[in-house]
Amino acid sequence: MADMRVKIGEYEFVNPVGAASGTFAYGIEYQEFFDISKIGAVFTKGLSYEPIIGNAPPRLHETASGLLNSIGLQNIGVEAFCAEKMPLLREANATVIANVFGSDADGYKRVVDRLEREDGLAGYELNLSCPNVKAGGISFGTDPKIVRALTAQIRSMTKRLVIVKLTPNVTDIIPIAQAAKDGGADAISAVNTLLGMAVDLKKRRPALANVYGGLSGPAIKPVALRVIHQIYQKIDLPLIGIGGIRDAKDALEFMVAGATMVQIGAQNYRDPFSTLNIARDMEKYLDDHKIPSVAEMTGSLIS
Amino acid sequence: MADMRVKIGEYEFVNPVGAASGTFAYGIEYQEFFDISKIGAVFTKGLSYEPIIGNAPPRLHETASGLLNSIGLQNIGVEAFCAEKMPLLREANATVIANVFGSDADGYKRVVDRLEREDGLAGYELNLSCPNVKAGGISFGTDPKIVRALTAQIRSMTKRLVIVKLTPNVTDIIPIAQAAKDGGADAISAVNTLLGMAVDLKKRRPALANVYGGLSGPAIKPVALRVIHQIYQKIDLPLIGIGGIRDAKDALEFMVAGATMVQIGAQNYRDPFSTLNIARDMEKYLDDHKIPSVAEMTGSLIS
Amino acid sequence: MKKVIAKVVSRRLFDGGYLRLQFESDEIAHAAKPGQFVNILTNPSLKPYLRRPISIEDVDNDKKTVSLLIKVVGPGTQSLESAQVGDQLDILGPLGNGFDMDSLAPNTLLVAGGIGVAPFLYLSRTVAGGSKEIFLHLYAGGASKADLPSWDDFHGLTATRKAATEDGSFGKKGLVTDVLKNDLGKFDPKQTTIFCCGPTPMMKAVFDIAIGCGIPCFVSLETTMGCGIGSCLGCVAQIKDQDDAIDHLRVCKDGPVFDASRLTWEGMR
Amino acid sequence: MKKVIAKVVSRRLFDGGYLRLQFESDEIAHAAKPGQFVNILTNPSLKPYLRRPISIEDVDNDKKTVSLLIKVVGPGTQSLESAQVGDQLDILGPLGNGFDMDSLAPNTLLVAGGIGVAPFLYLSRTVAGGSKEIFLHLYAGGASKADLPSWDDFHGLTATRKAATEDGSFGKKGLVTDVLKNDLGKFDPKQTTIFCCGPTPMMKAVFDIAIGCGIPCFVSLETTMGCGIGSCLGCVAQIKDQDDAIDHLRVCKDGPVFDASRLTWEGMR
């Protein structure tokens, strides 16, 4: 049976399949479906220092092979997370990476600061797709200088994994990825959602109350694969591929293009077991093809 | 029966439905299916001064609700277009807009220069998604300065319509759209394809010989609608919406979001009659809803 | 809540584009409470992309099968329409809190618009089979007679039943809200509760009538769902607390039934 | 070339995942030439997104119906498999140039790999019914007997017929290219032409054998198609001219049959 373990920095994951932030709640909610310690990692719903109530409804709209959402970062806040979710996550023995964000650099810092006092976290994933209030609402992840400074700041606060999650809504991903590396990130995860919109023709209204939303699902897979491949060609850092992954084949394609791990996003809505099943099916693929270790897949594209 | 005419600058189109560049050959090839003077406009396959043989195959790959292509701008060159296609297009009485590109600013200029000596063209659509060889292959449409200069240059050469076609692969579309306006464009068309990639897992190879390709089709519609809406909010210029339009409903959604016209792209491959049928179905929609003129739909979104 | 692969055991089409599907799942049947729902992967391919939430219409006496009453409106419900007896469906359920049975008053009015009548069948059967002395009064509205496909199934389960159709083809001609308004004088507000399920404008109208009379009103909401299990935060309804602070609660997990007085109705379509 | 909405008039499944569909279209049937193909919108929804090209296998004597022989491999062909008699298919055709009938030599060898045999049936029927004196020799290969579903249909149409299967279940055990190689000595190169249709590696091998003997070789190529009608430039094959300059020709419009000596085979999978 193939060795499914992968490493990022010093951390060893049981397999390369994680659950993407915002698609797996705080992780523990899925324990009633399966043993969540059996997947590579749980990336929690984005955590801010204070609770956030998010955007008004409607927040979801289905598109061709995709899903638009404008949740607006609703979350219970880091304090409630530590009080209500972390004890259960520790008990479940889950590999947990906290997805964190703030409306300014200080916001990120305060969340991580609080989480550093909590046992049982493998690391942090910095969501850089959210609006930087001090920079007029443009997202953090579009400016290399900000990405580097923010990453370095968090890096200096923790020995845990620091993963920088990038937005695909940029002209050139390379300077941003380089900035994450320069700031001391252990890995880059990509992609977050594509900025999109839908119109309700009957009502002549935007389908989402927030007008714009993030596009995820199979529709975006080609864009996500391209981003992973671009970064892999230029930046020497472990990558976590995200975007439209539905099955083991999709996940392996991301690994072939350069990813060390993957995250399953909206597919969790279609099937709450998908992370577990995809890890299992990947192992079967490797066994069928007599590939001894999943780590061999990373960057194995012949071009 | 609803008035289907729309105007861009001084030019009146019979209806707002055009055929997108690269998805309708040079236009005349579709005359055997239907009378091509009955659609709003034919946007020709991208024309360069010299013929181009394009990328090696494979050039196409299907994705979830989308299509990746890497044709590599293969075309017969402006001279052959004038000699072989223009006489037939004139005879067919088609409204023709030549989609033009070059590997540098001079390349664009030479194509337009040649076409200015040709009767029967309504205007030019500048494809700014192609690589700017002098700027290291980054596409023209990512730099506002270049967009403005290039637009102004073409503007100074012609009284015909100058339409600037934008790439969605940018961090912020507004400065680019503003540059097109400042350069004197009559309209902006958006979007061109999203940069994407696919992996053939079995062969461990990129599915396209060129590795990266352009994503089109229903998958990208939410991104395209968002781009049109963003520009419409900020820039006072007629817009032509493109991206994933399959039917009259899709087309009307683009108009509601701010487009004056639309273009049908990959859907032409599924149905060579789609431009004609979509125009007909839009008219029916307007009649059913007692809307006297299609132009009223533009920007009618309630937000 | 479970994920089951359940076999379709019966299928019946009604006029007007309605469909009743019965599937086998003792796990869901045993756990089901009135007002809960299931979330169905209607099509393993991508059209539609998401699961579709459907109320539990009824559970058989042996608690082996669950039935659903479905109005065919789009790709998801069309996929369900094409399901045949013997086919397997991928179903999550039972989901949500359902109706709060502690809120049942001696007079409980069930006000339904169109397909909104679905969950009231199991509710009525449960109450009818229960020990508390509760009089149920069904008010069911629809555009036409065909929009009341389950009318006959309520026979014997409610104390009274009234129907209203917009075209007058069945029951009173007009809106069910008008019938309700006319009747409300008969009920002592202190002994009465309204449970309502239907289109948003109708539920709002019922709520307005209810507060006018000081009658508690619970509504079962319908929003677009991502996961159906409380994870995505996509399905929220906006509520306000006592001091008018706004929050967003998940229709799938915290609902689908809400005390209507808590709702702002913002974005409910 | 026409776009037609054509009715399926017969449907037959074969072992090994093959399917023959016959549809009614006198327009396509009248215009069809051997080696041409049709492009079918297999599914009006988006799975798959594009049409699927399928060779014209045969045209009936009255030129009213066209038959297709299909190997079910993915979503498009699966959709075709589920088409029933009476269903309507959206079809573009006939497309492409087909086989150049002027290249038929007194001995014309038809070398087929797997489903590549499909277009040779109509070619054989046309030649058999024609006036020129031409001897056809069919060499058909497949993994197993089931991969030669149309073998019997060639009865009486060709001068000779030889089969090869990899598992030896029918004809010679081994590759059809080996059978061909053994036979080539019998034919005068000046009086011989090869038409070949099958997987790329097999067509390359046949071409190598053919140039070895100085026999002209025409191959029918298979590439992913966007439009099927010459518009998208997505389906190209790379060719070189006399002075080795490279160009890209459309398989759908300029092909699908090419003189194999013009090809670079670049990117043919």
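Residue numbering begins at 1 within each chain, and the chains themselves are lettered A, B, C and D in the order written.
One rule holds for everything that comes next: a contact is a pair of C-beta atoms (placed from the backbone, for glycine too) under 8 Å apart; a residue touches a chain by one contact, two chains touch by 3 or more.
None of the values given here were measured: they were computed from a predicted structure.
A.B. asks: In the touch network of chains, how many steps separate subunit A from subunit D on the shortest route?
C.D. replies: The fewest touching-chain steps linking subunit A to subunit D number 2.
A.B. asks: In terms of CA centroid distance, which chain is the most far removed from subunit D?
C.D. replies: C
A.B. asks: I'd like the Å distance between the centres of subunit A and subunit B, where a centre is the mean of that chain's Cα atoms.
C.D. replies: Subunit A and subunit B have C-alpha centres separated by 34 Å.
A.B. asks: I'd like the Å distance between the centres of subunit C and subunit D, where a centre is the mean of that chain's Cα atoms.
C.D. replies: 57
A.B. asks: When the C-alpha atoms of subunit B and subunit C are each averaged to a single point, how far apart are the two points in Å?
C.D. replies: Inter-chain centre distance comes to 47 Å.
A.B. asks: Touching at least two other chains at once: which residues of subunit A meet that condition?
C.D. replies: Each of 63-66, 203, 217-218 in subunit A touches at least two other chains.
A.B. asks: Touching at least two other chains at once: which residues of subunit D meet that condition?
C.D. replies: 46
A.B. asks: Once you draw an edge for every pair of touching chains, what topology comes out, line, ring, star, complete or other?
C.D. replies: Per interface graph, the chains form a ring.
A.B. asks: Spell out all pairs of chains that touch, sorted by label.
C.D. replies: Every pair of chains in contact is listed here: A-B, A-C, B-D, C-D.
A.B. asks: Which residues of subunit D touch subunit C in the complex?
C.D. replies: 45-47
A.B. asks: Could you list, by residue number, the parts of subunit B that touch subunit A in their complex?
C.D. replies: 63-66, 68, 138, 142, 169-172, 194-199, 201, 203-206, 211-213, 215, 217-223, 225-226, 229, 244, 249, 252-253, 256-257, 300-303
A.B. asks: For a test of understanding, state which residues of subunit B touch subunit D in their complex under the given definition.
C.D. replies: 22-25, 29-30, 32-33, 45, 53-54, 56-63, 65-67, 69, 71, 74, 203, 209, 217-218, 266, 268-273
A.B. asks: Okay, in this complex, where on subunit C does subunit A touch?
C.D. replies: Answer in residue numbers: 1, 3, 41, 46, 48-51, 90, 92, 223-238, 246-248, 266-269.
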